[in-house]
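Each chain gets a letter, A, B and C, in the order it is written, and its residues are counted from 1.
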């Protein structure tokens, strides 16, 4: 057990390194750079190439690639993410506010997803192949099929037309004004949570079905629904693992992947920052963001694996 | 309210109050309109967040809108002039120009203080302009080229600044009115020339309070502002909001007073329909325009018949009717912003290729030219466009449709803004969207774009035309207004009609619908201008 | 990442009996899985619409008409017009071509490449497996949309490049699932027997491994179809997908559709409905297909 966890723990590092290498070189293949983005933007006038070369040198972009990479790695080793190439400010400062926002949306959306998925999945399994089951499946697949940005547009449209009301457009941190903060963030959380509940609902349903197939529960069939539910309680705990996994992994993705939703709800979160950073060729910021999101994913994944091994000793391979 | 008498009393009181309110409402507005009221915080969304705070370095209005209120410039463009063309005193109280036009001497205002309490002297102005014109090694200045005419900047005494020029320049005062040239404090520049990239220290009507990344900038009133009695506002709050629909929603919900850049006419209409007289709309032609560059190095665009056909296909008048509904463009324009002194009158403009009033004749001629040039029907080419939605995207859809009507099959290729001009510099494009935008309407600045490619590498049609270059110099040196106009017309005719080197789309159009509470602000043809907010006040 | 994809031992049994006629299989499927059948019908309709768009579209999808800008739904324009006066219905019909092309293209290439990598990884095992697995881990820990975004930025945004950009993030996800199925098969006695009999790798893989991962392959394919359409719509919505004036659903939701959502809601509602409905149909169908082929393969 301990050996497994240790092995699993050390396996995270090559993956992270791989992500770092991939990001680093991928970014540098993309045409254009931050200097170009800054100076060629303005008024369409020509900008002195010497000036641009000078700016590149200032950012270290004239160095050989391997050296840039080693410098970045050295910084990471000292837990220094460096400065944003676009603003020149420390990356931690750039990310701070956006991270708080994205984290909050991710947490709220995960809660929404869990609250939807588990009851719906259980009911669907208990009423397998009846109209209830079908309704739940249609509901959850519809969530999967609806682009959350479109759902967002519809929500905003609904507020406007029906209630003549609009959610706040500017982020207020929760500790400043919780009410204002929730009034803005609950809607994207609902839109995204609904979407992400689909997979979890489906998994809850099949996990539940598997449990229901166990012999001792079949024998209890004659008894009422509640009896069945109580009987399955213990078995369900183990069977729920995949559900927890899915919700956990989605949480990691939600942290950085809400690019389009953030656009629609005008949220200044990590997803939008991602798009901006790529558009501006802000290498350092993009790299930091990718690492942040990927490590969240990798760590969550690791924790899930550990939990699995702990709960289910049959896991032996790998 | 159990007692009758008490109820009657309340009704009476209410009646009295209402009539009082009515009387006040009927009598006071005239007074309230004219006399600026003190107090209040102006809230406005800014669609773009600036990378640094240094005006000498950045090129985005996202810097001007929140940061201009902290600074003054030597001259400014007259804030109440709707054409936005007149240089006006700011920190310089007055100036004299020597007979030979080579020496400009400015007298500075006295008693101007930086926000840290220190006095402004000519040393500060000199240090600022030295940084812009003669930046030390390792310092970037985007506008160095614009001041190539300056030989030296001198500070003979604490309240005098003198610029010596290499040759006379009609546009020099306009250049000094640039809203980008914030006057910085010499001592701070001497200590660290990059200091102003991350800090603020100016003489402006507002004092910097904070900038929260990804959120907002806050400024508070400068109580010791040199222009006594100003500013009127207690402060302002600039919120960074990228999405246009969200900005409109903010104005509409009373969460913001004004957005200084522009909205489309459809947004204006929806705001007016809902807010009625609570909204005031100011509009102006906008000194920005999208151009179409046709690469002379690529066949068949080396053939002027083909280029003429491309411009003849465009029904600018119909576009000018319909497109303002969905895009920030409007006027049919030549090379100079319509409605300003050097602009070509509409009747004369209508004689140029692509500006004919009869679109059918124009398109027939376009087809004839294409046939003559041996371009087959259904000929296909790629139109490169810059990855910025407004107004690049709607204009591209429009033009591609117009070209389709003369039998051309055009594919759009959108390149991200960051890589766009680098890709044009390589010269591999066939036809591409290009852009020109100025802070002041001044032909010297606006026409330079079109001189030969060996003189101006930003000429993405990549031609060499010595006739055009000669005309540029002639208009630049012309002292007489009418004479200068004549050369500008000739320049325009050669550029757009005879050679059809470049193609103009529609002039941008600035629409600023703002809360009627906002007073003391005048729209101008540039979103870079008039943003110091010194004269702005709120009615409540 | 094995937890995501529990090993499967019952794939072979779950496959439908091979000797029945297609009509019979379809009838059986419709009776036992009405939701899946409904999905299949919508998909079929969509394919028909895409194929016959030139015939059934009432207007030219590129025809700008300034006289009818943002016209509400009416007898002349059933679903209204967009900001350029183009008929929304016609653009939806033509847009289904883009959606299907990207959907099928990306799903096919993604799932196929995934099968090759997954089976290869499982069959050869050892070092190959270890390295491939780490590579997959790296790709999979990138957020999907970010990877697609970077791909588009590098490749440029025309249709084939867009398909590539959407395909690449799908490959590792498919490879993982296929690998775990293939691992189970590799342990089967007949594979050992084949190896002992001295058959070549190619023959064993083609004859024994591939047919047995067909079920998860089809399931992944059907799941990717919907995802690819959704991803294409998202990228186009961000301005990184196909470009105007080509008709595409995500593109129709962009710009004016959002700006004027209040005054001209039909510009946003119908393209969104088209996306949802088609992805919904693909998912319903795929879901039922999975249930039919392999009830134990729970996650994708």
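Observations on the structure shown:
Note that contacts are C-beta pairs under 8 Å (C-beta built on N, C-alpha and C of every residue); 3 or more make two chains touch, one makes a residue touch a chain.
Remember, it's a predicted structure, so these values are computed and weren't measured experimentally.
Counting C-beta pairs in contact across A-B and across A-C gives the higher total for A-C.
Each chain gets a centre from its C-alpha atoms; the one nearest the centre of all protein C-alpha atoms is A.
For the pair chain B and chain C, the distance between C-alpha centroids works out to 46 Å.
A straight line joining the Cα centres of chain A and chain B is 40 Å long.
Between chain A and chain C the centroid-to-centroid distance comes to 21 Å (mean Cα coordinates, whole Å). Residue positions 387, 416 of chain B are each in touch with at least two other chains. Within chain C, the positions touching two or more other chains are listed as 153, 258, 261-262.
The set of chain A residues touching two or more other chains comprises 30-31, 263.
Touching chain B in their complex are the following residues of chain A: 30-34, 36-48, 51, 54-55, 58, 86-89, 93-94, 96-98, 166, 168-171, 263, 266, 268, 272-273, 279-281. Chain contact summary for the complex, chain B toward chain C: residues 244-245, 248, 264, 266-267, 270, 318-319, 321-322, 325-326, 385, 387, 389-390, 393-394, 396-398, 400-401, 404, 411-416.
By the touch criterion given at the top, residues 11, 14-15, 18-19, 22, 26-27, 29-31, 134, 137-138, 141-142, 144-147, 149-150, 153-154, 156-157, 160-161, 199, 202-203, 206-207, 241-242, 245-246, 249, 253, 256-257, 259-260, 263-264, 274-275, 278, 290, 293-294, 297-298, 301, 304-305, 308, 317-318 of chain A touch chain C in their complex. Taken together, the chain C residues at the contact with chain B in this complex read 62-64, 66, 69-70, 83-84, 153, 156-158, 239, 243-245, 254-256, 258-263. Per the touch definition, chain C reaches chain A in the complex via residues 1-4, 6, 34-35, 134-135, 137-139, 141-146, 149-150, 153-154, 226, 230, 233-234, 237-238, 253, 257-258, 261-262, 265, 268-269, 272, 275-280, 282-284, 287, 295, 298-300.
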